[in-house]
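Here's the structure, in structure tokens; my notes come after.
Chain nomenclature is as follows: A, B, C and D, assigned in order of appearance, with residue numbering initiated at 1 for each chain independently.
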């Protein structure tokens, strides 16, 4: 009697384990969680107009806006946000503090080694933020080297790598925590020139009542033009695929353009037909 | 401006004169229009219950505290005040500094400088204030340390010395300034009973052999009786009774004095 | 924008942040007190291993910087498979760090109780446990409260660091407002004043009140 | 994630270089604090209420608000008033002021720790005020102040990582940058912790020895 009871229990437990493992092999963890009705968690930093929090932490900026369009297409309307330092975005994703990075990250080789990216959401370039009238005549990294100017940018920004590749010595570079601190450093005269995304620089020009100009992004090295994607954990490939599928339906569409227009995103920023994350990962 | 007190005392006046001295701590009057003269070479003991103002007499004379009214004269000239336009005004620090060295004081708690040796304690002020050379100051200090029986401990720091030894160094330190008047503030109160004798012996020899002018606040009635020229009994900020030791201890007139002497002598 | 309009618009948000600051502060203080007691007593153990463990703990947490500990718990622990929420990470770092300082205060307090008290308790044949609990601990409150109060004010100030690991506290809210408005003087000035008010008019009076109670219990006030 | 020795070895030179900056920041900040602390203490001790009240309030305010917020305040606000400070200068001044207020309390406590009777003894020996400070009060106040001064030396060292938030390239800043470049946080942050431990433990021990030595030299095992 007793022994048969034991066998029953044991087989029941075994069955449960089998069941649960069978279930988890159907899809990745994130997909499971979303299907179970959990909110998706968006991680980003304060980088106007790319992605930044509203007064109550709501996701603003065009990367957040278009992400929400895609999520809606996937039937997901339940989300949470997490606001981080830029340099903490990737470790935060790996530490499972949020599920996707909507900060507006360039798809770069070094980043691809650590996280996955969705298909590109746009093609963007960097630019220099210089004092009005550009007295030192700085348009790109080579000009920075020539003039010996102090260049400020954000810790963990792609521009750090780019500046190094272009040969800017470390002594000429100043790293701060993010976009906000970049403008503060310029205001304080701690740096002569800042390098950041064209969008970010434009935003700063508007904020400073003509104290600064933004240089033409076309003056920057061609190879620093970058595609931006949404970052995801390598362990969530199913969710990535589903996201890409949904995005393909809406990208460049009416909803997409309407959601991003307030932030200055136009059709010129669309990634183009032949853009691929694989190419960016291999070449940037 | 005070014009009721003279700017100088006439020739032949006593070494120290308290003239109508009043000292208050807030609402509390600790010295009440005190008049007291101390003659050259006189040894005066001050006794009385605690709170009677006896220690304050020494503290105001040492200029540790400012008085509220009256004038203290030392050596014929005002100490707490200085002459100004026909009257007297409160002394400035500079004026005090020029006269304070006439007075020396030994404290109940010794107040030796803990970061200096016994010798350094005695050398410091003569060199700094009196301007003696190091050799002269050290010679003077060594003689005095010998006098108080502390010659062999001259290089010790105070924390290594017993209370009695510390107090003897403190006496030597005060003497090194060659003051005209020595103030002894309950110098044995903080000492263990077995070392009181050594300190009293030093004072005894100073009195008999060196003829110093001394004012001593004490609880040692026997010692006060033995050594003093005059004993003052303080009560509520005033001298209730004074006289020779024989008279004051043997035949006190004042009721308060009798009560006080009864109380302390019975306790002993 | 005048300062008054600024306050009307942003003070409620800063106040929300301040509430989070208080929550972090309270939780971290509770943890720190527990850690202090445990490691302070361990430090006095006659058992070599127990005392050694406490010493290593205390020296480790006092020897490294709070911000380093905070980042380590927030960024590195997850790499080892332990992901704590920002709030828990912040409370843990603050509690463990300040607990190490508190342990030294507890140890000092116990050692400051006169030897005669132990001997008297021993003479009454009390057990080591009840000697500690009934005789020594009640006496240490008056000794340890003043330094512990200083440490608590330090803890309140240190809570600002949790903003760097995305806890939405007063400092975090201030940074956010600054990022969108650039009213730096107003926003950081107001934040400083709120921190000051919390310390001076809430925390310190409360700690003084505790000191008074402890003094009364021992008949010193 | 596993610890990678070769990576740790690779970043070690940069970490050590940054350690130099951390020590420099702590040293400069402490020097400013020692001097500012003295001025603040004197300001509080002047008999003029117009000076001592504001100084007292300033010290209270700076002491009870977070250094991190102060750093942000100086970093963001000073430029708005046309004061252009480098990140280093801003950081050094702020941390110097913050710890200066602590040190002013240490000095004050030390001066008050010298018994009043020492002042009286000096007066009885007719020393001037200046001489009394120099020869009697300060030599006795110094050993009292020493433990507090030592604690805050170690304290300022351990607070230097906060300077990273305003862009001072010290140890923490370098670890952040390395993490952001390589996406490896285990080694940089762990190494920062150990470097701090390696420096602060012997320093604390040395300071304790120094205190004992000073106390001995003064013949003064304090009551």
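In this text, contacts are C-beta pairs under 8 Å (C-beta built on N, C-alpha and C of every residue); 3 or more make two chains touch, one makes a residue touch a chain.
Heads up on the chains, UniProt names are A = Sulfate starvation-induced protein 7; B = Glutamine transport ATP-binding protein GlnQ; C = Inner membrane amino-acid ABC transporter permease protein YecS; D = L-cystine transport system permease protein TcyB.
Computed from a prediction, not measured in an experiment: that's the story for all the values here.
Distances between chain centres, each the mean of the C-alpha atoms, put B farthest from subunit C.
When the C-beta pairs in contact are tallied for A-D and for C-D, the bigger tally goes to C-D. Nearest to the global CA centroid, when each chain is reduced to the mean of its CA atoms, is chain D. Distance between subunit A and subunit D, defined via averaged C-alpha coordinates, is recorded as 39 Å. Distance between subunit C and subunit D, defined via averaged C-alpha coordinates, is recorded as 21 Å. If each chain is reduced to the centroid of its CA atoms, subunit A and subunit C end up 37 Å from each other.
Spacing of subunit B relative to subunit C, judged by their CA centroids, is 54 angstrom. Residues of subunit A in contact with two or more other chains: 91, 184.
Touching two or more other chains at once is no residue of subunit B.
Multi-chain contact residues of subunit D (touching two or more other chains) are listed as 76, 80, 165, 179, 185.
Judged by the touch criterion defined above, the protein chains form a pattern that is neither an open path, a ring nor a star, and not fully connected either.
Going by the touch rule set out above, the chain pairs that meet are A-C, A-D, B-D, C-D. If you check the complex, the residues on subunit A that touch subunit C are 46, 48, 52-53, 55, 57, 82-85, 88, 91-92, 94-97, 179-180, 183-184, 207. On the side of subunit A, the complex with subunit D involves touching residues 86-87, 90-91, 110-111, 113-114, 152, 155-156, 160-161, 174-177, 181, 184-185, 187-190. Of all residues in subunit D, only 75-76, 78-80, 84-87, 90, 165-167, 169, 173, 176-177, 179-183, 185 touch subunit A in the complex they form.
Of all residues in subunit C, those touching subunit A in their complex are 13, 74-75, 78-79, 83, 85-86, 164-166, 168, 172, 175-176, 178-180, 182, 184. Of all residues in subunit D, only 115, 117-118, 120-121, 123-129, 131, 135-136, 139-140, 218-221 touch subunit B in the complex they form.
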